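Presented below is the structure to which this report refers.
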Amino acid sequence: MNKNIHTFIGCDNSYEDSRIVIFGAPFDSTTSFRPGTRFASAAIRNESFGIETYSPYQDKDLLDYNIFDAGDLELPFGNPERALHDIEAFVSEILKAEKVPFMIGGEHLVTLGAVRAVAKKYEDLHIIHFDAHADLRDDYLGVTLSHATVLRRCHEIVGDNRIFQFGIRSGEREEFLWGKEHVTTCKFNFASLDEIVKQLAGKPVYFTLDLDVLDPSVFPGTGTPEAGGVTFVELMEAVSKLSALNIVGLDMNELSPVYDQTGASTALACKSLREILLYINQ
Amino acid sequence: MNKNIHTFIGCDNSYEDSRIVIFGAPFDSTTSFRPGTRFASAAIRNESFGIETYSPYQDKDLLDYNIFDAGDLELPFGNPERALHDIEAFVSEILKAEKVPFMIGGEHLVTLGAVRAVAKKYEDLHIIHFDAHADLRDDYLGVTLSHATVLRRCHEIVGDNRIFQFGIRSGEREEFLWGKEHVTTCKFNFASLDEIVKQLAGKPVYFTLDLDVLDPSVFPGTGTPEAGGVTFVELMEAVSKLSALNIVGLDMNELSPVYDQTGASTALACKSLREILLYINQ
Amino acid sequence: MNKNIHTFIGCDNSYEDSRIVIFGAPFDSTTSFRPGTRFASAAIRNESFGIETYSPYQDKDLLDYNIFDAGDLELPFGNPERALHDIEAFVSEILKAEKVPFMIGGEHLVTLGAVRAVAKKYEDLHIIHFDAHADLRDDYLGVTLSHATVLRRCHEIVGDNRIFQFGIRSGEREEFLWGKEHVTTCKFNFASLDEIVKQLAGKPVYFTLDLDVLDPSVFPGTGTPEAGGVTFVELMEAVSKLSALNIVGLDMNELSPVYDQTGASTALACKSLREILLYINQ
Amino acid sequence: MNKNIHTFIGCDNSYEDSRIVIFGAPFDSTTSFRPGTRFASAAIRNESFGIETYSPYQDKDLLDYNIFDAGDLELPFGNPERALHDIEAFVSEILKAEKVPFMIGGEHLVTLGAVRAVAKKYEDLHIIHFDAHADLRDDYLGVTLSHATVLRRCHEIVGDNRIFQFGIRSGEREEFLWGKEHVTTCKFNFASLDEIVKQLAGKPVYFTLDLDVLDPSVFPGTGTPEAGGVTFVELMEAVSKLSALNIVGLDMNELSPVYDQTGASTALACKSLREILLYINQ
Amino acid sequence: MNKNIHTFIGCDNSYEDSRIVIFGAPFDSTTSFRPGTRFASAAIRNESFGIETYSPYQDKDLLDYNIFDAGDLELPFGNPERALHDIEAFVSEILKAEKVPFMIGGEHLVTLGAVRAVAKKYEDLHIIHFDAHADLRDDYLGVTLSHATVLRRCHEIVGDNRIFQFGIRSGEREEFLWGKEHVTTCKFNFASLDEIVKQLAGKPVYFTLDLDVLDPSVFPGTGTPEAGGVTFVELMEAVSKLSALNIVGLDMNELSPVYDQTGASTALACKSLREILLYINQ
Amino acid sequence: MNKNIHTFIGCDNSYEDSRIVIFGAPFDSTTSFRPGTRFASAAIRNESFGIETYSPYQDKDLLDYNIFDAGDLELPFGNPERALHDIEAFVSEILKAEKVPFMIGGEHLVTLGAVRAVAKKYEDLHIIHFDAHADLRDDYLGVTLSHATVLRRCHEIVGDNRIFQFGIRSGEREEFLWGKEHVTTCKFNFASLDEIVKQLAGKPVYFTLDLDVLDPSVFPGTGTPEAGGVTFVELMEAVSKLSALNIVGLDMNELSPVYDQTGASTALACKSLREILLYINQ
C-alpha cells in the first residue's frame, strides 16, 4: 500500500519532468486586520478536487502539462525575517533547476522572499502587481516587514520604474504621492495593461496577484474586503494578457478561507490557479 | 389532491383552478461535492413571505393568477432510481390534468424524473438548460444516475439536437467534445438565446434552471460555486425571452440554503420563482 | 456636547469646529424580517480603523476636514414613538448650531425622526431616497410607524412632489400605484438622477440612503436581501452627483453587521461613509 | 379552529380530541440584546421531524396522546401591548374549551399575555419560573413591557408569594432585593424544587420555561448567553417533578435558532418539548 | 524534491511495519437529516497537526508506535451497495496482512462494509457499539441500507447476543422492543460496560464509535444533535476499558466538520483518535 | 492617564481612585494555530454591556469598587519583542502607582511582558497558571518568544518551584518531563489548589488565566480547542480560592471572539472578568 499523497488537482507529476513548481507559504503573522491566510494553500489543495482539470475558456487541460506540487514550507510564526529567508532559499533551489516557482501565500509579505531570490537570478527583473492596496508604506506601526510595505521593500531591490500596479483602490495619501515618483500605478482597473505588456516584451517578469484586487462580492474570503474591485472575468482577461510575457516567477496570495464559509472564495482561487497555470504554460 | 397549507406566497389556489402546479423534490443523495439541496423547497416556502407577490419588473402580481403548491414529495434517501420513479409518477398525474409542472429541486438529477414523464406526453420535446456545468458525463465515479450525468440521460430520451445549453462554464474535456456532436452549447452566457427561441417557436419545451448558472457572488448558496457566472439581471432577461415559448414543464434546482447564511441565495430563489411564474403565465 | 472617544476614523474633531455631526441611532425593533441593524453604528466605528482616511477616488482625505462623531443615542427598544422623539430632539440641537446631521441607523424608520426636525427648520424640504424598497405603505401589519411605512410618513410632512426615489425594485402593487400620484420613483437604477439634481439646485435636500439599494452580492449584511440591485461603483457615481446639492441632513441605514460574517458589508458601509463625507464637504 | 398542516411531530390530532394545544407566539421586538426568538416556533416545527415521537426516558410515545398544534399567531412587530392582547385572547379561547395552552415564544414577554388569561380563569394561580435571569425589573430603559420586566408584571397580577423562580444567576442588585420580599428565588439550580412541588400540590400552576436557564454550552441559541447554567439532564429531572402538579398553562421561550448554526439548540428545544408534553400527559 | 504526503499526525510509518491501518471512508449519501460526514477524514488529517502526539492521560506517545495512514477510499456517491463492497474489499486486504483496520467514516452505514469483512475472518465476532441512536430499524423510508438500519444489518451477520450498545438515547419504540430480544442495550451511559468487558475477554471484538454518543455541547459537529449525551471524559474512561479486549477492527464515524465552525468537534475527534490508538496499542 | 470612554461595564472610575487597572494587550502574531485573540479586549468591552454589574454568586456589585479601564495598548504586529517591551513599560507604570495591573490578552505570550515588570518589583514572585497547555517548550518552530514557550520564559525569571500549573491536559512529552523538575503541575483539574493556596499565603502572586483551561463546550471561542476541560463553575470555585492570596498582578487571555459566533465565549469572559474583579477586591 502506498502513502497518501496530497496535491493540487492534476499537479502530481514528478519534480524532474515539471517546468512549474507550486508550493505553499503559509505565513500570516504580520497581517494587521484579520489573519487566516496561512490556511490558504491547504484549503486550495483540498477544494481543488471540486473543479475540473479542463478549462473551457482556453480549451486546455492541466493533464496535458507537467506540474509539480511541492507541498507547504514549514515557516516560523512570529518571525518574518526567518520566514522570508526560508522562502528565498526554496525559490532559489527551484530557479537553479531552471524551473518556474509558483508560490501560494500566505499574506502578501511572502512575495518579498520570492522576489529576493528571483532578482538575484534575473538582473533586469520587473514586477506586475495586481492588488486592491498599494502596499507602498515605508513602515506600518513601526514594522518594516509587513504586508502593507511589501512592494516598497521590493522596490528597494528592483529600483525605480520596475513595478507596475493594477487595480489599486486603497492606500494612504503618502503612498500614492511616493508611488507617483517611483512606480507605475493604474488605479481601480487594468486600463493600461495592454500597453505595459507590450513595453515589457521579452523582459523577465515576476507576477504577484493579491486576490483582494477582486471585488469582495466575488472574493469575500479576505481579511481586508475593499469594495469597488474587479470581476472574475476582468481578472481572467488581464491574466490572459500576461501569457505574452516571460514570467519567471509568480505568486497568488491573501486568500483567507475561514472568512468565506460558503467556500466560493477558495473555489475561485482554485479556478484562478488552474487558469493561470494554463496561461503561462503556453 | 389536498392542499398543502404551507405554500409559496400567493400560490394558495385550488388544484382544479390552477394551470401551474409547484412541488418540491427534496432529493440530494448523489451530490458529489457538498450536499444540502434537499432543504431548498422548504426554505423557499418559508422565506417567500419576505418578498412581495407584485413584480415591479413586469407590473404583474401573483395574486392575479391561479397557482397550486402541492408541497413536497417524500423521496427515499439513498435510492435515486426510486426517487426518479416517484417524481415521474407525480409529474405524469399533473400532466394528465393538463397542467404545467414546476418542480423545485433538490439536486439536478431530479430533472430526469420530470423529463421522463413530459417526454412521454410530448413527442417532440426540446430542453432548454441554464447551468454552470455541462452535466453530460456518461457516468460519474461509476454511477450513471447523478447530477453530473443528468443531461446525458435526458439526451437518451429526447435524442440529438433537442437540448440547448446556456451559461456553461465547467466540465471535463470529454463532455464538451461529446456535446459538440449531440447538443447545442452556448458557453458562459446567453448570446444565442434569441435565435434559439425563434427556432423553437411552437414546439413543446422543458426548461431546467440550475441556479448555479448565476455567479457565486449573487448566488453563494450552492454546493459547487463556479466563478464567472451571469448576473441576476442577465438571468431575468433570459427568462423573459422564454415567455415566447410553449413551456410544458420546468424546474429550478441546486439551491443549498445552508451554504448561504446571509439568506440572500434563498431570497433570490424566491424572487426568481415569482418572476418565472409571472413570465410563463403570459 | 462631549466627545465620544471611540469615533469613526478621522472624525475626532471638536463639536465647535465641525460642520458635520455624525451620530448613531441604534434602533431596530419594528424590523419585520430579520433584525440586527441596531449593531450597525458600533460596527462601523470599530471596523473604520480597517480603512484609510484617504480616498483615491476623490484624492481627498478626511484628515483635512472637521467632523464630529457624537456617538450613539440611547434609544428605548420596543417604543418607536419615543425613539423618534429622541432622534428629533437630537437632530434639532445639531441644526440649531447650524451644523449638518449625519445619522447612522438602525432600521429605516429612524429617518422619520430626523426628517421631522429638518422639516421644521427648512420649509421647502426635498428628500432624495435610495432604496430597494418603496417604503410607501400606509400601515404594516396594522402598525403605522415601521420601516415599511417610513417614506409615507415623511410624505405627510413634506407633501406631494417632494420625495425622489431611486433604485426601487420591491413593493406591493398599492405602493407603486399610490407613489405615481405623490412621489417621483426611478425604478431599479439612477437613470433620472442627473435631471432631478438639476431640478433641485439650491433647494434644501435631505438624503436618506438605505444601503439595501445595493445588490446583495456586494452588500449581504441586510435583513431583506433583494436581488437585482446596483453596484458599489454605481452607488458612488450617484452619490458624487449629490455634491452639487444643498444637503442639510442625511442618513445611512439598514446595515445588519451580523448577517455578513465576512465583514465585507460593514467595510463597504465604512468606505461609503468616508466617500459621502468627502463628497458633501466640497 | 382549522388545522395547521405543518405541525410539531406527532401533534396532528384534532382540536376537539386534544387536551393540550400548542401554538407559537413569534414576537421579539423588545429584546434588548440580540433578537431572533420570533423564528423559534417555525424552527421547532421544521426540526421536530429530526427527532422521534418515542421517549426512551419515559418509555412513552407522543403517538399515544392527542395534542393539537394550532400554528403561529400573527403578531404586530413593534407593538407589545397589541401582541399581548392577541395572545391573551387566544389563550382565553383555549381555556374556555377546557384545554391546556402550551405557548412557544418568542421572547419572554409573551408569557404576560398568557398569564393574564390564565389568571382570569384560575383565581389562586401560582407560577413556576425556570430562567437564568430574574426578570423582575420595574422598567427597562424606561419601558415597562419588556422581557426584563415580565415576571414583575406577572407579580402585579398574581400577588406576593405566588411566583417561584429556579436557576436564576443574573440580575441587578435591586431585582434580587425586591425579589426577597415578594417572590421565592432558588438561585443557580433546582435545590428547593421538591419542597415547592409538595407545597403547591393541587393548586393551579402556570409553568414558564426560559430555555436560557440551561448552560450556553448545551443551549447556545439564545440572545443572552449566561455561563453557569444547568445541564439538559438536570432540566429534565426538574421537569419530571412538575408532573405531580396541576399545570393549567405553560410556555417555553427564548430560543433564537439563528444564533446556533449547529442546530443543536433547536434540536434540544424539540426534545424538551416532547419530554414536557409526555410528562404533563400523565 | 519529494511529493507532498498527508497523514494523521504521527501516523507516517510504512505499511509493512504497522500493526494498525487507518483509512477514511468518506461516504454519506444515505444520511437522512443533514449530510456532511464525507468531509470528516480529510478534516481530521488537516486538524491533527493542531494536537500533540503525546497523551498526558496515558503518558504514551504516538511516535513510539507504528501506524499507517492509507488515505481515503474513493467511494461512489449514491451507490451504498458498491461503497460497502469497496470497503469490505479494502478491510479484507488489511486483515489478510494480519493488521487491524481503523476506519474513519463517513456516516455510520460504512460500518457494515467493515463488519462484513471482519466477520468472515473471525467467526465468533462481537460488536461494541457506542451511539446516541439504536440504529436498529429494519428499513428507513423503504431503504434497507442506511445509517438508521446499520446495526440491524450487522445483527444479520453476527446473530443474537453479539451486539452490545451503550449510550443509546434515541430511537423508535419498535427499535427498543426489537432490541430487547436480540441485542444488549445500555441506555444513556456506560453503566454496564465493566461487566460486558469481563464477559468478552479473549473474544474477537469490533468496536464502532458513533461520535454522537457525546453530548452536542462537546460535539456539535454532527447532523443529528441529541441532547443528554456523555462527556468527553466519560467517553475516554469507557474507551480505556476496551484496551482489555481483543479489538480486531474498529471505526469512528459521524463527524460532520462543517456543522461546527468553531473547529472544536474536529479537534475532539483528533484527540479521541489519538487516545484510542494509544489504548489499543497496549 | 487619560480615561478611555469606552470601558468595561462599571469600570469607569478615575485612575487615581482605582486600586485595579484593566488594560488590553491585543497581540496575537505568534499564535500557531488559529489567530484572533487580538480582538478579545474590544469584544469584551462591547459585550460587557450585556451583563450586570451585580454578582448573585458573591452578592457584590462592581459599582461599589473603583476600577480603571485604561483601554488598549497599541502593539506592533509581527514584532513580539517590542510588544513585550511596551507591555512591560505600561505595567511598570501601574505598579509604580501601587496599583494592580489586570491585563486582557491577546495570546498568552503577553503574560511575559507583565511578569517581567512584576518580578522586578516583587522579588519572591510566584505564578499561578490555569491553562489547557503546559506552555513549557524551550522553543517552538525555532522561535523562543511564543505562546507555547511563555511559561518557560517566565521560569527563567522567577526560577524553580515558583510556577504552579492547573488544568493542564496537553503538551509534548518533553514539556511534562522538564516540568517535573522545575514547576508544579496539577493535570486536568484543580485538585491540589487548596494546598497550594495555603503554601503561598502572604507571598506575592501573579495569576495568569488562559481561558482555554475551560472545556471547549463552555468556551469554544479559542484557537486551540482541547476537549476534557473544566466547567465554568469549577473555574469560578478555583478563582474564589485565590481571593485568599496576595495577587499583585494578573491577566486573562486567549479569547478569540470570532471563533464563537454565538457570542457565548465572549459573554463568559465578561462574566469571569466581573467575578475575578470582585474576588480580588475583597
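First chain written, first letter: the chains are A, B, C, D, E and F, and each begins at residue 1.
By our rule, contacts are C-beta pairs under 8 Å (C-beta built on N, C-alpha and C of every residue); 3 or more make two chains touch, one makes a residue touch a chain.
Here the structure is a predicted model, which means the values were calculated and not measured.
Each step here moves to a touching chain, and the least such steps from chain B to chain C number 1. Touching chain D and chain E together: B, F.
The chains in contact with chain B and with chain D alike are C, E. Fitting chain A to chain D on Cα positions gives a rotation angle of 180°, stated in steps of 5. We define each chain's centre as the mean of its Cα atoms; on that basis chain A and chain B are separated by 38 Å.
Rounded to whole angstrom units, the spacing between the C-alpha centres of chain C and chain F is 42. For chain D, residues touching at least two other chains, in rising order: 34, 215, 217-218, 261.
Contact between chains, using the touch rule, shows up for A-B, A-C, A-E, A-F, B-C, B-D, B-E, C-D, C-F, D-E, D-F, E-F.
Contacts from chain A toward chain E in the complex involve residues 1, 3-7, 12, 15, 21, 42, 45-46, 68-72, 261. Interface residues of chain A facing chain B in the complex, by the touch rule stated above, are 50-54, 56-57, 59, 61, 215, 217-218, 232-233, 236, 261-264, 267-268, 271-272.
The residues of chain D lying in touch with chain B in their complex are 3-6, 42, 46, 261.
Within the complex, the chain B residues that touch chain E are 28-32, 34-36, 74, 76-80, 82, 140-143, 145-146, 258.
On chain D, the positions that touch chain F within their shared complex are 33-34, 168-173, 176, 187-188, 215-218, 220-221, 224-228, 259-261.
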